[in-house]
Amino acid sequence: MLHNVTDSQAAAERTPKVMELAEAIAAFVPAHAESLWVGGMHMHNVPMALVRECIRQGKRFETFYAGPSSSLAAELLIGSGLVEQVVVGYIGFEHFGLAPVFRRAAERPEDSLKIIEADSGSLTLALQAGAWGQPFAPLPRGLAETSLPLASPNFYKSVTDPFTGIATLAVKAIRPSVALIHCQQADQFGNGIFKGSFFVDRLLAMASDNVIMQVEGLLDNAQVIKYPQQTGVPGFRVSAVAPVNFGCHPTSSHRYYNFDDVHLRLYMQAASTEEGFASYMKQYVTGPDDQEEYMRRVQNQDWSSIQEEE
Amino acid sequence: MLHNVTDSQAAAERTPKVMELAEAIAAFVPAHAESLWVGGMHMHNVPMALVRECIRQGKRFETFYAGPSSSLAAELLIGSGLVEQVVVGYIGFEHFGLAPVFRRAAERPEDSLKIIEADSGSLTLALQAGAWGQPFAPLPRGLAETSLPLASPNFYKSVTDPFTGIATLAVKAIRPSVALIHCQQADQFGNGIFKGSFFVDRLLAMASDNVIMQVEGLLDNAQVIKYPQQTGVPGFRVSAVAPVNFGCHPTSSHRYYNFDDVHLRLYMQAASTEEGFASYMKQYVTGPDDQEEYMRRVQNQDWSSIQEEE
Amino acid sequence: MSDDYKPVLRAGSDPLVFFNYPGADEGSAIAPGHIMAAAIAHALRDGEVVVMGANPLLPLAASRLAQLTHAPNLTILTGASGGVNTLVEPLVPSSGDYANLIAEAVLTFPEILMLQMGGKTDIFFAGGLQIDRRGNCNLATVGKHTPPTLRGPGSAGLPWAQSSRRTLLYTTSHHKRLFVPQVDFVSAPGWPAGSRDPAASGPALVVTPLALMDFSDEGLMRLVSLHSGVRLESVVAATGFDLLLPEGDIPVTPQPTEQEMRIMRRLDPDGLLAIVLQ
Amino acid sequence: MSDDYKPVLRAGSDPLVFFNYPGADEGSAIAPGHIMAAAIAHALRDGEVVVMGANPLLPLAASRLAQLTHAPNLTILTGASGGVNTLVEPLVPSSGDYANLIAEAVLTFPEILMLQMGGKTDIFFAGGLQIDRRGNCNLATVGKHTPPTLRGPGSAGLPWAQSSRRTLLYTTSHHKRLFVPQVDFVSAPGWPAGSRDPAASGPALVVTPLALMDFSDEGLMRLVSLHSGVRLESVVAATGFDLLLPEGDIPVTPQPTEQEMRIMRRLDPDGLLAIVLQ
């Protein structure tokens, strides 16, 4: 009834997708990629190790989709100057405050960063349309009464509902060329498991051209088969799996660790000036060779001094 | 950290949604409903006890969505004359053969049943658009090369993609007024659990006005809270929960029982003539007062005689 | 906790143990946050479905309070986490928290948006950098759009506020830069000019640390009550437009009852409700 | 099996134990079904993603055979069940079966359609009541549309065949009512008139109990090989249009190897592959 030994032998011949973090980014992220969407939301499940590695390798992205709710990933990518255009659903830090680098880039008189004003619902519907191969997504009623269509006339366009004749707004389908996502666990073939929230990541994995997944740890394919309903991302959608400890730090990894409020406040404080942001980047992003060195620097940080500054 | 006793006390004050099957149908299905979508697919997880009760109570449906893959539910509803119009994705019995009642209704020269020729993908996209409050769903490329747009010019309409200017086909959003679904288990507040496949039922529950759920058995709310990722249908989308044994028979209930091949072949044989279908209906649908009597009749059936006829 | 639970980074980084806000106290006194949470709770009706976005501490406290008092059939959708009817105590300040999955179901975030935008929720909670007298909210840009004088996070889920029957607006401060005659950018639409269509959905209530407000039949913001100890002049001075006043004496917003305070202290033993709001 | 597993209705109704087809034998001889499954397996390439709809026994056997021989990285989506890479043995005849969830993942059916229609699959399996020389398939109505002489189940997922790189057509019989000059209703589009765009997706292979066929550069059906013991005249007589013939001698479809037969007997101990096809 169950799969037998011969199957396991065949499975052994399957090509594992496990790679070193740097190798995965080098192999599957073009030097100048069309678009990027980073998984997780707010300060949760954000694949920060993958993001930091993209920055270390100087990968450039024509469009970064900051949806539905981006925080530190958007900050570091924008601050590194690697993003030409950002489509904004939400960039912020919830109770920690507004996003300092994004603010500075947006409030500067010179137009260094192109910002497309959007919203989380439309971005998600556009991603869903992309996954289904639909050309565009008509929107529910309501958006016409906001300032968005006027602010972003190329993002929101009007279309006539062929069934009612009523004009409705629509957004073009989005198929990210690169998606970075975090699962708590995966097997070597990329079957990924969310131990907590799914956020938009399951849909993201179905819609994107290249999906690179970081995980806290690997588990056996046999474990995956035991609870197949638990699999959040089917392996065939994944190009590479990179195991990395505390890869979401300073954001949370559901069930594994909470977001690091001390480090996040350190970031908020540092990034409040350009110089502070530059030294944060040097200390924590471009300086460390890899995630291990990053974590050493995080752990050697003098927490007490930071807490005293409050 | 966890919810404590006071919460459980509050939960005790919540209004349970558990009802007798007949009561649930009487309360939440209008005498003449606009539209009906029945969960499950093929010979699996079809809420047949709810369907049979609708027929017993003579509920009429303007439109029945036979999508993505309907079998016995479509047959009984069409054969009872309670459906005015059927939108067809697929009606059949896989390896058991074509649907005899649907065939007879469609092949009759007189136009007693209105059939809208559609497909499973478009029906599902229309349901998804309904759930999101989108007015319509543009379709991926490909459908224009089939006979469907010509056969169903009111179901498929052309719309111009406002981003590319390319003509594309679209379908109107579907929001079923009544959805019947089967979960293996639920708590008394309607939090339903699929022990196997989800089919379209989670989406269906999110899109429909009235969701009536049958379950094999009830479980405690505390169990639901223990594994919230397992909840397939959140309780607030459900109007009533009706516990019923073998409620999917003769289709399967995943993990609980397989489809009943003997009974299905009995149906196929009986329904091959109008008289045979009428006596099947009398014996198994309109005759029994309830699911218990139905199961008694099923269990007293002389299986050996049927098998000998092969 | 499961056997695959990882050693924590350091004390305080456990996903189910939350840091104390600096200055958090026992919250024994009644703070504006408690008055606000209770006022919001009173506005929620039994059987309704509420959905909240980022930074949901106040609406979450209010919704739980309602559930534990007069509205046991309230359904709470906790934004990013996808949690349905979270039971976590103490409450946590981030919408996407793992702790919010001590709940009855976990939906994907597209499903949360689907339910909200598809009209399956009754209450949407919103706030903004600017709110005007018609209840328009701005979470995008203050000043001209490019470049703005203040860049906010973006409109997030606010454009779909009207998909819920009622929008409840809440703010953690009350001043003229926030309550402006007209927002510079409409993220969530308020009431249109002219008289309100009684069947239409839109902003229903505004709760600030100073006062409670609703909207007139013409869709203009109107004072309902002043929180205990707040003077009318303070509210008028802190509001950048002519606030409609109720006829007769201006009531005082009801103080939370002893039972409500007991529940709020249990939900929020660190007194976050008292601190977050100044 | 879990502790909430229910007592079965009667022997044979266990969700993981399947009935024997009447007449099922040990399947020791090589039947057309085995030749067909092996031929389909050979057409699948390592690393491809295949998706199948209703009544998937043959494509499922072929895909598993490919996975267990030359294509270990093949991904199998088992239609209605949502199972990804099902491992169940013996194979089951219904696409929506619980048994297909002995697998690596369970997707919802909308997700299966999303992956198919969104172009994330390489191979789509299709069949029909009618197939014509350009590979158009009809699963809806034979004769005029209203009323038809034969009402089929409906077009199901066939209209989206082109969203997969290649469509593999399979039939369980081969006769003139099935292989017609032109289908009465196009459920799945075949090759358009004119020469084939090499980059276009469409029907690639047709596998019947008699023969193996592909399509010429002009998009016309062409005999590739005859199954062992089948004469060309039989195929020509059973095909309702002029089948293109290969140049030179007509090859015989490779018989399954000993290893392939061993695997197929393991996947299908009841010989369903031998019975379903006449």
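Letters A, B, C and D mark the chains in the order given here, with residues in each chain numbered from 1 onward.
As a working rule, contacts are C-beta pairs under 8 Å (C-beta built on N, C-alpha and C of every residue); 3 or more make two chains touch, one makes a residue touch a chain.
Quantities reported herein were computed from a predicted structural model and do not represent experimental measurements.
Under the touch definition stated at the top, subunit B and subunit D share these contacting partners: A.
Separating the CA-averaged centres of subunit C and subunit D is a span of 55 Å.
A straight line joining the Cα centres of subunit B and subunit C is 39 Å long.
Averaged C-alpha coordinates give centres for subunit A and subunit B that are 37 Å from one another. Within subunit A, residues 125, 128, 132-133, 140-141, 229 each touch two or more of the remaining chains.
Multi-chain contact residues of subunit D (touching two or more other chains): 16-17, 83, 101, 106-107, 113, 117-119, 163.
Viewed as a network of touching protein chains, the structure does not reduce to a path, ring, star or complete graph.
Working note: touching chain pairs come out as A-B, A-C, A-D, B-C, B-D. Interface residues of subunit C facing subunit B in the complex, by the touch rule stated above, are 16-17, 49, 67-68, 72-73, 75, 83-84, 87-89, 101-107, 111, 113-115, 117-120, 163, 263, 266. Within the complex, the subunit A residues that touch subunit B are 125, 128-129, 132-141, 157-164, 166, 168, 170, 172, 229-230.
Interface residues of subunit A, counted against subunit C in their complex, comprise 40-45, 66, 68-69, 88-92, 94-95, 98-99, 102-103, 106-109, 111, 115, 117-122, 124-125, 128, 140-143, 145-148, 151, 185, 195-200, 202-203, 216-217, 246, 249, 252-262, 299, 310.
For subunit D in complex with subunit B, the touching residues are 2, 4-6, 8-10, 12-19, 22, 54-55, 57, 80-83, 93-98, 101, 106-110, 113, 116-119, 140-141, 145-163, 185-189, 192, 276. Interface residues of subunit A, counted against subunit D in their complex, comprise 1-4, 6-7, 10-11, 13-15, 130-133, 187, 189, 191, 206-207, 221, 224-225, 228-229, 231, 234-237.
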